Structures are given as C-alpha cells and as structure tokens.
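One structure, as structure tokens, below. Some questions next.
So that you can tell them apart, the chains are marked A, B, C, D and E in the order they are listed, and the count of residues begins at 1 in each.
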Amino acid sequence: ADYKVGLLLPYSGVYASLGNDITAGFNLAVEHFGKDLGDDSLTLVQEDTEVKPPVGLAKARKLVLQDKVDAISGIVSSGVLAALRDFVHQTETPLIVANAGNDQMTGERCSPYIIRVSFSNGQVNRPMGPWLVEKGVKKIYTLAPDYAAGHQMIEAFSKSFTEAGGEIVDGQFTPFRKTKDFGPYLTAAAASGADGIFVFYAGGEAIGFVKQYGEFGINEKMPLYGSGWLTSPLYVAAEGKAADGVITSLNYSPSIENPENERFQKDYMATHDRPASEYAVQGYDAGRLVIEAIKASGGDKDAFKKNLSKVKFSGPRGPLEIDPATNNIVQNIYIYETKVAEDGSTSQEILDVVEAVRDAPNGCQMN
Amino acid sequence: MLEISGLHTGYGEKRVLHGVDLTVGEGEVVTLLGRNGAGKTTTLKAVMSLLPAMEGEIRFDGAPLKKVKTYDLSAIGLSFVPENRGIFPSLSVRENLELTRSTRREVANGWTMERVFEFFPRLRERLDNGGSQLSGGEQQMLAIARGLLLNPKLLILDEPTEGLAPIVVKQIHERLMELKKAGLSILLVEQNFGFATTLADRAFVLGRGEIQWSGPSGDLRGESDIQHRWLGV
Amino acid sequence: MLEVIELSKAFGALRVTNNVSFKLEQGERRVVLGPNGAGKTTLFNLLTGELAPDSGKINIDGVTVNQMLPNERVRLGLGRSFQKNNLFTGLTVGESLRLALAIKRQKTFSLWRDGTRDAGIVERAEEIAGMVGLTTQIDVSCDALSYGARRQLEVGLALASEPKVLLMDEPTSGVGPDMTDAFTAMVGGLPRDLTILIIEHDLDVAFDIADSVTVLNFGKVVFDGTPEAARTSREVREIYLGDWAGDA
Amino acid sequence: MYYPSKLRSAVAALLFVAGIVAAFQAGYFGKEILVEIALYALLALSLDFLAGFGGMVSLGHAAFYGIGGYAYVILSMQAGVPPLAAMGLALVPCFAAGWLLGIVTSKVRGIFYIMATLAFGQMIYVFTFQNRMLGGSDGIAGVPRIDLSAIGIDMNDPSIFACAVVVATGLVYLVFSRILTSSFGRTLVGLHRNENRMRALGLSVRWYKAMASALAGTAAGFAGTIAAQHTMFVSPGMMDWTTSGEVLIMVILGGLETLIGPIVGAAFVVLLKHEISEFTNHWHFFIGVFLIVAILAGGKGLYGSLEAGVARLTRKKPVADDASDAAPAETPEAGNA
Amino acid sequence: MLTDPGYLFVQFLNGLQFSMLLFLLSVGLSVTFGLMNFVNLAHGALYACGAFIGYSIAMATGSFWAAFLLAPLAVCVIGAVLYGVLIRQVRSAGPLTQVLLTFGLIFIFLDAFRVIWGDLALGVSAPTLLATNIHIFGQTYPLYRLFLICLGLAVYLILWLFLERTNIGAMVRASVDNAEMASCLGVNVERLFFAVFCTGCLLAGLAGVVAAPIVSVYPGMDLEILIPTLIVVVIGGLGSLKGAIVGSLLIGMLQTFGQVLIPQLAGSLSYILLGATLILRPEGLFPARAH
C-alpha cells in the first residue's frame, strides 16, 4: 500500500530550527530503514505550523481531509499539540509526536491516536530529583520560563526532589521569551542560600541564561542543574566556558555509546556537518517507528494504525517502546555533565543512566 | 538687486503666473499688490525656489537663482516671512529665534537677539512660551524678528499686517520705515493698501498672472480705476 | 443673556484675563477690541469652556456654566467661530453644515438612521450656506475652497450650531475688501434677537456691526461703552488705534 | 464620509457569492482557507471602521478577538450556557472592554493611541498567558460549536460551517455599512477629521469614541467566537500583537476607509500567504516586499486603487488653467488648535 | 535577603545595566521617532542587524572590539540605504503609513536573518578584557555589565552635549513642523533628516552589538525588544533625551525590582506603567514638543 505521512512542524517562526532538525532526522530514518518496503511505499507531505495553534490545526485538517494522510508526525510546541488533540482523536488519525512534551497529552487528555516518541516534560525531569539528593544536594532554587512546559518541568522535578528528601528553597518563573536579562534572578538565586539551581530553559533563552550564570561568577559557588535542553549540542558552543560542569538530564546525548547512535551521528554529520541534536533523534525515531509499523502491517492500513504503538526497537537513545497505558514512550534518561575544554570544544560525559523511565498514567484512560 | 523677468509658474498642471516682471533695487522698498488669489504668494514662492520657474528668470545680485536651493538663499541674503507666519508650533519662542543661529549671514553689526527685543519688546516676555501659544499678533512679530535675525539684504514680507491691531500695524509700519532708512531692501506683499503704498517706493499690481500696473507708489494712490479693477478697493 | 463676572485667568505668571466683567442683553451686538495678545481669544476660550477660569463666573441665560463642558455650553446656546480656520478636511460644505446642525439638534445618536439627512436639517444647511455665500459650493470639499470661502464656512459652522449667543473671532481677517463687505451685510441680516460677541481688528466692520464696545488691554477691560465713545476715547486711541487708524 | 457606491456594493456582492460558491465547491483545505479569510475579513472591516473612518489606529484589535473567543469558551464550557446563547453573551464583555478602552483613551491621539492600544492588547495577552485557569499558554481545547440541528443545519459539516461564516461576515458588513451611513457614522467621520471642532459644535466626544471602540471590539469579538468554534480551541496566540499588525496590513493593502477594501485585503493576504508558502518557508519576506510596494505605490490599496481608477475614467476633464479668481489653498497654519 | 545591602546594591546595578541597554535602544528610536516624527518599527530589526553583523565580525576577526566599532557603522550604512530608497518617500506620510512600511521591513529582515545566519541562536563572547567579574559588598558582578552602564552614560553625555551645544534638535522639530519654512531659514531639511535617521540606526546597531554578549543572537530578537523599547520611548515622551533616559530608568528599575518583589506581575508591569502614563500624561513624561 502507499502510505502518506504528514510532517507537521514549524518551518518559520521561533522554532524553525527545531522543525528543520526533526525533518532531517526523519529523512535520515527513511534513508536508513525505508529502502526495502517491498510492495509498500512511503510519501511525506510537509506543512508549516508557524508555531501557531490555529495554523497547526488548519494544516492538520488539510493533511487529513485533503491529502488523506495515514498519519501525522512532528509537532514541536505543546500549544499546537493541545490544539490538534481533539481533531486527531475524532478523525482517528495517528499522531506521532516527535517533540512536544505536554504531560496532559499522554495523561488525562491522552488518546489512542496520540503516540509520543519524544518525551513528556515530567519524564525528563523526574529522575533528577532523587539523583541530586543522592549526590548530597539538599537545597535547590528553581527557575523556568512562565508557560505551561516550564511549570510542568519544574513541578515534576520539585515533586521527586522533595519526595526524596530535598528542599526547594525558592524559585521563580520568568516571563516567557520576554526575559533577556537574567541578572536579577541570578542575583536572587545566589542570595537564596541554596546548594544549587535547577532550571529549564531552551533555545536562545538557554544561551542567555548559562552565559549570564557564568558572568555573575555563580558557577564558582553554585552548581547548575536542569533539563538537558539547557546544554543542548545546538547551543552549548555559544554558551562558552560557563557551561562547564553543568549537569542535566535528557532522553538523549550525542555521547551515548551504541552502534545505532554511532551510525546515526556519523551519517547525520556527513550531510549536515554538525552533530545531531536531541530533536533530530526524535525525528529519526519517529520515522523509524512509522517504517517499522509499515513493515509489520503487510499493506493493511488498519493494522498499521494499531501497530504504531506496538513497535519496539533499540535506537540511538537505547531501547524504546510505547507504554500501552499512556502511549508515551518508555526510554532511558541520561544524566550527563557538560565539559568545556581549554580550547573551547565541548563534550558530554554521561554520569548516570536511569533506565526505562515510564510515566504514571496520570488519569489517562485509553478508549 | 532682485530681478524677475518673464516668470511663468504654477502648481502642477495649473499655471498661475504668465510672465511677471519685477525688480527691487538696492535699498528700495517695493510692494506687490493684488486681489486674493492673484498670485502674489506664488511669485514670492518662486523667488524662494519653493516653486520652479517654468519660464523666465530670477536673479539676485546679478546671479541667477535657478540652481540655488531654498536652504542656501539665507546665506546669500534673502529672508522670507510667509503669509501664514510659519511659526514652528513645537518650538518655543526662543527656539524659533535661535534656529537661525547657524544659518544666518554674518555681517558687521548685524541683528542680535538683543536688538530684536528692542524692536519687539513683547517677544522678550514670551521667550519660553510655545510658538503656538502666542496670540496672532505676537506670532507676526516673531516671524519678522526671525526673518531679521538672518541678516538679510532683501527682506520679503507676505501680508505682515494680517490680523494685527491697528496700533501694531502702525508700530510695524514704523519699524519697517526704520529698516528702510537703514538701507534694507524690502519686497512687500499687502492687502492693506494704505500701509503698503506709504511704505513702498514703487508698487506693482498683479492680476491675471501678469503685472497690470507698475510705478512709483505715490502715483498708484491716484489711479482709482486701477485700484478698483485690480485691487477691489 | 450672557453675563461675565470678575473673570480671571493666568498662564503661569501671565495674567491673560484680569477681572473681566460685562453683560450682554439679548440681541445685543458687542465688539471686543484690543491690541494683539490682550487676551481676546482667551476670553472666548473661557466662555466656551475650552479653558477653565481661575476665578470668576460665567452665566448664560441666568445659568452658571463654569462647571460645564464645552459641548454642554453649546447646547445652552453658545456658538463660536475660530480665529484660525478649523474645518473638516475632506468633508464638503454641505456635509459639514449638516453635521453641525445634527449635533446641535441631538440627531447624532442613531446607529441606524441618517439624521443629517432629515428634511429640516438639509433645508437649514442650505439656508446657512446661502447666508455665508456658499450656495454654489455646497458640494465642494473644504480643501478645495479658497481662503476667503473657508473663512465664510468657518462662520457658517458657527451659525449651524444654532446659537443664541454667537461668538466670532476675527471673521474677516485675511479676506479681501469685497468679501468683507458681504460679511457685514450678512451679519446685518441675522435675526435681531441673536446676541453677538465679535472680535475684529477691521474697525469699519466692527463699528458697523456693534451696539457696544469692550476694549481689553493686558487682560483688563479698559473701556466699555458705545462705538462713538470708543472712537473718541483717548485711551482707546492710545492703546489700540494709535494714530494710524485715521489715515488707513 | 461613507457612501455605499455601486462599485462597493458590486464588489461586496461578488465576494459574497464567491464565498458561498467556495464554501460548497472548494476542497477541504479551500474551506479552511475560506473560513480564515472570513475571520480576518471580520477583523479587518471592524478595524477599518475604527481606524479608517474613526481615525483610531489600533494595534490592540486582536485582544477583542481573544476576549470573544475566551468568553465564548468560558460561557459554553465552564458556565454551561447553551452555545448559541453563549455566542451572544460573549459579545457583552467585548462591548464592555471596547467601551472602557475607548473612554480611557479618548484623549490619546495618533501614535500614542497606537501605543495605548498595543499596551492594552499586551496586558490582556499576558494576563491570559499567565492565567492557568484559562489554560495558560496552552489554551483550552474541546470547544463546542453552536447546535442548529433543530432547524436542520449541521454545523459540523465543513461546507455548512464555511457557508455560515460567510453569511455572518456578510451580515456584519451590512451592519457596519448601515452604521456608517447613519448619524453615528457621519459623526464618527467628523470626529476623525476634526475632533476639536466637533467638541466646539457641542458633541460629547468621548462617548462617541467609546461607542466606536465598543462596536469595533464587539465585531472583533464576534469573529473570536467563530474562531473558537472553527478551531474548537482557543489560545493566547489569538491575541498576539502581530495578529493586530497583520490585520492592519490587510486593511491597508485592501484600501483604508472603504469598508469593502479590508475584505479584499484579507482575502488577498491569506491567499498570497498560502500560495507563497507552497514553495518557500520565507513567506514573510514576500508579504513584506508586497506591503512596501503597495505603500510606495500610493497606499490606496487594491480596492482603493480600483476605486480611484474608476473615478478617473468616469470623471470629466477638469476645466483649464485660469483660476485667478480662486483663492489660494493655504497650508495648515501653525498653531491651529 | 532584602535587608542585605550588598544584595540590593547588585540588584540596583542590574536595574541600572538593564536601563542602559534600554536607553541605548530607545534613544535611537527616540531620535527618529520623536525628533523626526517617524515611526520606525524596524528599529528592532536594525538592532538585530547590529547583533548579527557584530557576531560575524567577531567571528571573522576574533575581536569583539572590531565588532564594537564596525557593526554600528555597518548598520548605519544599511540605514542610509533604507533612507534613500524607502524612508524618504514616506517621511511625512503620517504614522499609519510609516507603521506599515516599517512593519514590512520587519518581515523582510526577519527572513533575511534566517537565510543568512540560520535559525539557531548564536553566542558572542564578551571581550577578554571585560570577561571577568568584580567583587562589591561580598557579591560578584560582571565587569562587562559595568562597561555597559558606563557606555550608556557616555552615550547620554555625548548626545546631551551635542544637543545642548547645537540647535539640531530644534532644527529637526522645526523641519517636521514645516519643512518649507525651515528651508527658507537655511535648514537643509533633507540632509538633516538623513543624518538624524543614520544616527538613530547607528545607535540601534551599537545597542545590538553590545547586547549580543548578554542576550545571544537569534532571529526574532528584534520583535522581542521592539515593544519594551517603544514603551520606554512613549513613557519618556517623544524626542527628548531626558525622556529616553528617565523612561529607561523607570522601566529598567521597575522591571528588575518587580521581578524580585512581585514576580507574578513581572510580565505586565511595564504595560501597566505605560497605560497609567498615557492616561495621566497622554504625551509622555517629557515630550520634546512645546505646545
């Protein structure tokens, strides 16, 4: 059968770079795994969400109703995902989420048609709580942008951290994408008496934050922890020396050692001339998931829909499977430290792997 | 000093002047008269390079003005006080006057702020008021004062008495007489017939875009026919 | 009709209106004279409510209007024209006049009907256009009017607010001799019960129209009396007329 | 002043018919675009009412769009009001907010008005964005559509929905056209042209400004209630100031102060955007270039140019030169008002 | 914490530094917007130009100082071209036209940045000379930020002297009021506006390049900074240097201390201040225009 998959990603607007990375990853998966589909074939249709929920929804409708795609993949922003949820649920269109981490979409608002191969916001941050306590960090100051994802990330971390015996001394949410200057927050954090700072920042905000953290000399007295987008390989070079020693957790790090990752990184490097990011790997695995499901279905499109959530494989991120209770991915979370050498080159040293992290259903009822 | 010969000009398609000839000699006061809309202001605009001369020529001190830009005219000695006074409302009175600081023509014992205030004492009291706060008459004084600060050789005035109280008209008349005695050349456009003809040495009457009459201004006072026909008096 | 009691106004240290009092009976026509900057326009602005007085009282028809907004005073019957043309760019003469009438007659609320097209208003607008000599230009846009015609429309708008007391600020300034005559005739033709207060520098016009004269100087009333008395008053001569007036 | 000329009516009728035809003939995505156009058209024509006719150029128009959408969502989903009634009731806060904004900004003019409305819009935006009761940055999903099945209309049918939206847009257009020819409309234009004189003629200016702002806000809010039903979703993104900016662009590209022009502009920009994004992700660039070209070409906009062109063709040649009896067209005098 | 003078002092410095960055941005805007009456929404884009070009120069030469000197000039040249091609034609066309024209420019710049510099955020490091921090009252403070504070004050001083010594400010306002009259008085209006606009661009570029080491460089940075800048200018009053500095200080301090003291309101404080200012003083605190 001919399978048509819509790639629904931001190609303009603030998250365009993420959209491009995910697309690149997806295409690489098609190259790696999609050569021998036999009687089947796979066509991709790309649409730009502009990171605007209504636009994303309109494009999703186009993909489903006009282009008649069999599945949609992509979605960077939680807001767009939230806008799409009811539509894909009602039209029974499988949506393979390749980034957006909104907890509710594999929690109380889960759907059998929403399959997430990226992460949930809670999943990435939860493991850091007990880990830090174990390492003797008892008091933490938190910072994150003031929007849904920021709150979910910090909540997940705070919960597991306090449950393990740590204390959140204070924290703040900074106006999302309006905060350029973290000086006041950093000054407050430094004066809070915490042992360390835990933050969620991504993109330009991450660069600004880490650099200013260094400028204020806080790196010398207060370690920085956070979710791994803070020191993403996409940005870490721009952060300079300040990123040295920052410990973060994420579902992927380029320095994971396994053959799949080696091949993935090598081939990605060959075409794009830079290491693949965590976004690219999510696109890659989303692509692979689609292809594996096609291969398992023998041309039966109904079977394909069902098989999507049954696919299991070991990829650059290690072993992956979809949790039948939530349709969220079950994956390893890597805790790693960023090292900046004298010459400015950066590397990530994996300190710990928390295996097969699975979200609690959080009110998810599949039907 | 100023020679206008065969001047044709207008606005876009519309011709207003069809060959105007006018001269102002050194130290002479000349008045240009005509009904509302006759083209008096238009003539002055052409002199100030605000309108291009479509035909004909304008010379100042012997040199043609065709290629001279408006903003260079003050440097060669032309100063224009327009009919709506051209006070800058967003500037204070002081700023309106000081504006000419860097553009005025430098001459020996030229006009200074002090001298201007002696001329129009009222302005000194209003120095820090906004240009738009002045009463109509005060604005007129300010406009003339500003024109004088440029230290012109030729002062061009467009209806300087409009909206002024008789006593101020009289004062301005006296002031202009003083300037005339001091040797300043003046080109004066007026509706106020008496004012203009008692001040000017020569008069030109504009009608239908052409000069209909010219001669010593004393003679014009006798020409009631010309007055009636071209000035509506 | 209009009563002004000890009105004062200062801009900073400058006392622009200084204890001004006068009274206008219904149908009276009074001219305000005074050198430039004497505070004539300011007095108008105080009367219409565009400026608030520092002290003193303004009564219209026995009602104290000090606290009223300009638009409320218009409803009581105060209308004015401006020293500088203050017209509606882009609107025609007719549109402007009808709009003014509709405002005065409180026909501007409807979101559905076009009250400016009511028969009474259209007719009255045409009448007023006729009075100020703009009949032929009723459909001409204000921007296309000549200066003189604009001055006429300025007065027309004031008339269209159907005042009981009409204030006019230098209606003939910048207008040629022939049109000035027409203006004087027009005012002469206005209903006799209309009260008029007018600022004029053209003494022929002023004395032609006026029943009484007020002369301001430095914000103070320095003369109040008949036109004849004003002409011969030494003080008026000194501060306002100068010697020039005679031979102009 | 606004006059519903033949050309205007003809273009309006043409657009309406085209809209109805498209609602039934176009593909799914075509219908999607049609609704998008109609929603922008509603925003644009109400902004033209305020900015073009009333002279109040607002960069906060999208806030009303959001208020309408959110009000509908809260009423229908959280307060249990039946959707149709919720749609009506949702207009109340829009009207009220518009009125309030109008009163508060009644003394603020020109660029300051632009900034004041921008601040207003941003405040509403930030409030919604940070309010977790309102779904915060993620917004609220699962919005119901009005139920007209009682009279045999299925709003969940894309064609019917698109058709209903086109009809609603047409009706709002007629209402505004009527308002503009009413006393109020005449007064609004007068206010735009010379507020100071209007006051001197006896008008209580701020009430009229408030009313204009309230009416425009209500129409934008109405569009918001439709948008919420269309996407079955509301999010703070609806209220971003760039949305207001885009609507302003449509108004200008279509033709300011023509009422019908903004609808043309909305259709044009939405279609252009979709056409361009077919082959490049850099459609902003082309919209930008287009906008600049349109402005340098005189800024009359598409419909405005059409109208001017028709006027030029039908006008007699002006009579010749000699105008020495006409008075000079003076420049605005210093210190006027 | 709040009783610790060292802490408060550093927060004060933070506020001051943020104010100075806002000042650098808003003074450029105030110059074009206030003096020339030209609403330049593309000012943010010119700021981003400064940052991007600064990034490229710093990369190519390895020296921040080269970027510091050259990037503003480059932006100035861009401004000059824009002026010649576009701005001149709509200079006196009223705010609506200008808003839209420069809105179009924003769109064009936005995509141009993405095409030339890509979508990723880029980092610029502070010059080695300033990449340390100093200790005050037991707190550390980055030297680069002190440099920013000084730079802001220096620019203020230079502009103040310039406007004080010359009557350029008055000339520009006069030209806006009535260009014909100004030229009759000997003002070369065209050249003056050109110079003013270029100065505005130069300042925008300067703000961009000095902000780059702090905020990083990415497409979209222009839109993000535009609104705070506009707010400063409008609160301060158009066209006055005093307004720009007072507005910047107000917003900078309010923002900084607001974030610390009432974080819930941090996002809307400046809008609230703007709204309040416009209601109480519809023309801003220190408008340059007399009325």
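As a working rule, contacts are C-beta pairs under 8 Å (C-beta built on N, C-alpha and C of every residue); 3 or more make two chains touch, one makes a residue touch a chain.
All values reported here derive from a predicted model rather than from experimental measurement.
Among the remaining chains, the Cα-based centre furthest from that of chain D is the centre of B.
Farthest chain from chain C, judged by C-alpha centroids: A.
Averaged C-alpha coordinates give centres for chain C and chain E that are 48 Å from one another. Once the centre of each chain is set as its mean CA position, chain A and chain B turn out to be 76 Å apart.
If you average the Cα atoms of chain B and of chain D, the two centres end up 50 Å apart. Shared interface positions of chain A, defined as residues touching 2 or more other chains, are 12, 16, 146, 175. Those residues of chain D in touch with two or more other chains are numbered 126, 129-130, 282, 284, 326-328, 330-331, 333-335. Residue positions 111, 114, 177-178, 180, 267 of chain E each touch two or more of the other chains.
Listing the residues of chain E that touch chain A in their complex gives 1, 4, 7, 10-11, 14-15, 17-18, 21, 111, 114, 118-123, 125-126, 131, 133, 139-142, 144-145, 211, 213-216, 218-221, 224-225, 228, 256-257, 259-260, 263, 266-267. In the complex of the two chains, the chain E residues touching chain B come out as 166-167, 170-171, 173-174, 176-178, 180-189, 288-291.
Interface of chain C with chain D (complex): residues 48, 50, 69-72, 74-75, 80, 82, 84-91, 95-96, 98-100, 102-104, 107-116, 143-150, 157, 160-161.
On the chain D side of its complex with chain E, the touching residues are 51, 57, 104-105, 107-112, 114-116, 118-120, 122-123, 126-127, 129-130, 241-242, 245, 248-249, 252, 256, 282, 284-285, 287-292, 295-296, 299, 331, 334. By the touch criterion given at the top, residues 1, 178-179, 181-187, 189-190, 193-194, 196-205, 208, 215, 326-330, 333, 335-337 of chain D touch chain C in their complex.
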